[in-house]
Amino acid sequence: MKLIEPSFKIEHAPAYFDMLDVIERAARTCYKSENKIKNGSAEKLIRSCIKQGHHSILEHCSITVRIACDRGVSHELVRHRLCAFSQESQRYCAYKDDVEFIRPYWFDESVGTRDWTNPSEHTAYSALRDAERYYQDLLVMGVAPQNARAVLPNATKTEIVITANIREWRHIFTLRCANAAHPEMRGIMVPMRTKFANLWPVFFEDLMM
Amino acid sequence: MKLIEPSFKIEHAPAYFDMLDVIERAARTCYKSENKIKNGSAEKLIRSCIKQGHHSILEHCSITVRIACDRGVSHELVRHRLCAFSQESQRYCAYKDDVEFIRPYWFDESVGTRDWTNPSEHTAYSALRDAERYYQDLLVMGVAPQNARAVLPNATKTEIVITANIREWRHIFTLRCANAAHPEMRGIMVPMRTKFANLWPVFFEDLMM
Amino acid sequence: MKLIEPSFKIEHAPAYFDMLDVIERAARTCYKSENKIKNGSAEKLIRSCIKQGHHSILEHCSITVRIACDRGVSHELVRHRLCAFSQESQRYCAYKDDVEFIRPYWFDESVGTRDWTNPSEHTAYSALRDAERYYQDLLVMGVAPQNARAVLPNATKTEIVITANIREWRHIFTLRCANAAHPEMRGIMVPMRTKFANLWPVFFEDLMM
Amino acid sequence: MKLIEPSFKIEHAPAYFDMLDVIERAARTCYKSENKIKNGSAEKLIRSCIKQGHHSILEHCSITVRIACDRGVSHELVRHRLCAFSQESQRYCAYKDDVEFIRPYWFDESVGTRDWTNPSEHTAYSALRDAERYYQDLLVMGVAPQNARAVLPNATKTEIVITANIREWRHIFTLRCANAAHPEMRGIMVPMRTKFANLWPVFFEDLMM
């Protein structure tokens, strides 16, 4: 059994320069104003389109992210419909050695400790440890992973690769960084939004305000 | 703790006559052949469109179903993107009394027994029973349901209301009744397809062959 | 040649009572609060969900509309992606008799007149009349309708059947009734929004304010 | 007035190597088989996934194309719902000089000739020429471009930038290269499919057979 932290990693994105260029040329197609392209014109145009709500131009570039989260969070993530998803399958993966769980965000204890001072953390930890044992007993008895998955808890770690276009990422951040979102979700999405805004300010900076 | 069987229930559907009528009129709009509408013309036209692959006309009518399944199955279901979903939330629901689990399809024992002759069933049963106890202990300690959900297993029963149009239901049946689908999924989808084909033969009968 | 007014007609919708019922039951599935269903509870719940932005529940019911508009408007309409469309095809329909055109909204003259006092209206009218002649000449010469369509202008009338769920209709009204929308589009969508708000106030009334 | 040929141009695509890499890593996430990545493993895996119908992995990479076509073709193109579109707007563009038309595919005459031997070509050519005159007269009279567009015919050239993922491009080619497709559509899509298959064989080669 391993408790790990949730995480994200940018798996693939076009160069910033290319994204600005593709989106500027797409936007200017609408107005046949390609002759206005010059140094710095993309940033200005795109900021203005975002402000005016002409967001469809942001659909021309996509960013791919790999997320490690628990299965409660992933069940919410896949409700977004304008994304491509490839997710670790509990049908085809058999966790014969350690089962990995996402450390619940409300644990004071850091990953690795077993010296629980907090009874609720001790209880949750025991629940995960027992679930792992039951799961592995089932595998040993010959139960197929896709059947043994029945006993794996929501806290089980899953990996999911998500590709979404810029407009959809903006929508995801708006929903999933809000106060009403699950804290585990916010724990992933808030730093991801910051990262995106640092890397590609024209597309995401206004979401930071 | 309760073990229950997965189930589905048709929550809402237009009258068969209305569906035939709406779809016929939509289809005939393409060809401006409304003057050919007469008794029995809808069935003939729609069967012919389905055979020729002109399936977009089937998007004009939707059917709503309520499904009780486990969270492994629901995590797969919500990957379908052309549906409306409303799902029981483990963030907002607190299972203070019995937690309900879907009886794993591979149990020989019927719901209700505790006289296990099969060690793997006994193991799985114990896993679910222990998970319930841990979960309820956490609630008693004041952990919020959205945090305590971490220990609830995939087998936990969930309810989900799904609305999809006829074309999308056909697509769902094609994928989810296939041999490669998870047996728990097929256990719901195969009888649902039969039910649909009985109620609305023109739209689903060819999937039964 | 016929000049006609754009129009819409509700082709199919579930009974208001049924829509309220289906959506209430779907919404209450999320919170397992079905026991709170009573007279008037649906209206209250749905208004509250709309106010809080919990709009996904509105996807469970769809409304089908038949619109007669010009091909400029229909080209914009089919950009909405969460709709079902069935549109009169200029490939398969041959307009051997009158070609119908949508009277441009900026004509002072009513449909039927030929006593043009306004030179721009006279010019536009002549353009449509000539286009009709060229089109019909091509048909007579044996050119297939799908090739002769090349000379038909945007003003040509088209019929399109659109099915969208309530959430999507709300989105369509927000975009297409705005001041930035094309006046021909607003000419259809503004009265449609009023009609919807009259028929199904809980779902659309807030858009009228 | 200018008659031009339809055309397409690849506006942006990730490097082939990157696409293979992103898609392989996404696919292997499902099975946690990342340790099998080596030289040539991506091609083998992806071909096998395509053959087995595991096409969702192809959604992780997108290709952007710029198409010049007539407005009849573009009206069909925008019916594809899983694409991003940015299209030249007849509301915001005013064609004060030449209006460009797509040379109808059924013209024997090459672009530029006016020495018509074929009466149907002469008729169609005259229709386009007259439409241009009426349109420009309206502009001169002060009619706004978004109103004057009423008289522009389907043959009017439009530019459209389309971004779609690999799975969707495969779907588009399947529909739009078929014999039932409009010849103008096939005239663009068949060479585009060949181009795609040459550039990125693993993703498109099987569509050429």
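When the chains are written out, they are named A, B, C and D in that same order, and each has its own residue count from 1.
We adopt the following convention: a contact is a pair of C-beta atoms (placed from the backbone, for glycine too) under 8 Å apart; a residue touches a chain by one contact, two chains touch by 3 or more.
On a predicted model such as this, the values are computed, not experimentally measured, just so you know.
What's the call on subunit A versus subunit D, same or different interface residues, using the half cut on shared numbers?
same
What is the chain whose Cα centroid lies farthest from the Cα centroid of subunit A?
C
Using mean CA coordinates as chain centres, what's the gap between subunit A and subunit B in Å?
Distance between chain centres, rounded to whole Å: 26 Å.
Return the distance between the CA-based centres of subunit B and subunit C, expressed in whole Å.
Whole-Å distance between the two chain centres: 32.
From the C-alpha centre of subunit B to that of subunit D, how far is it in Å?
Going by mean C-alpha positions, subunit B sits 37 Å from subunit D.
I need the residues of subunit C touching at least two other chains; which ones are they?
Where subunit C meets two or more other chains at a single residue, that happens at 85.
Drawing the touching chains as a network, do you get a line, a ring, a star, a complete graph or other?
ring
Touching residues of subunit C toward subunit B in the complex: what are they?
11-12, 14, 18, 22, 25-27, 29-32, 56-57, 59-62, 64, 66, 84-89, 92-93, 159-161, 163, 165
Mind listing the subunit A positions that touch subunit B in their complex?
For this pair, the touching residues of subunit A are 70-72, 74-75, 78-79, 81-82, 85, 90-91, 104, 106, 119-120, 123-124, 126-128, 130-131, 134-135, 137-138, 141-143, 146-155, 182-183.
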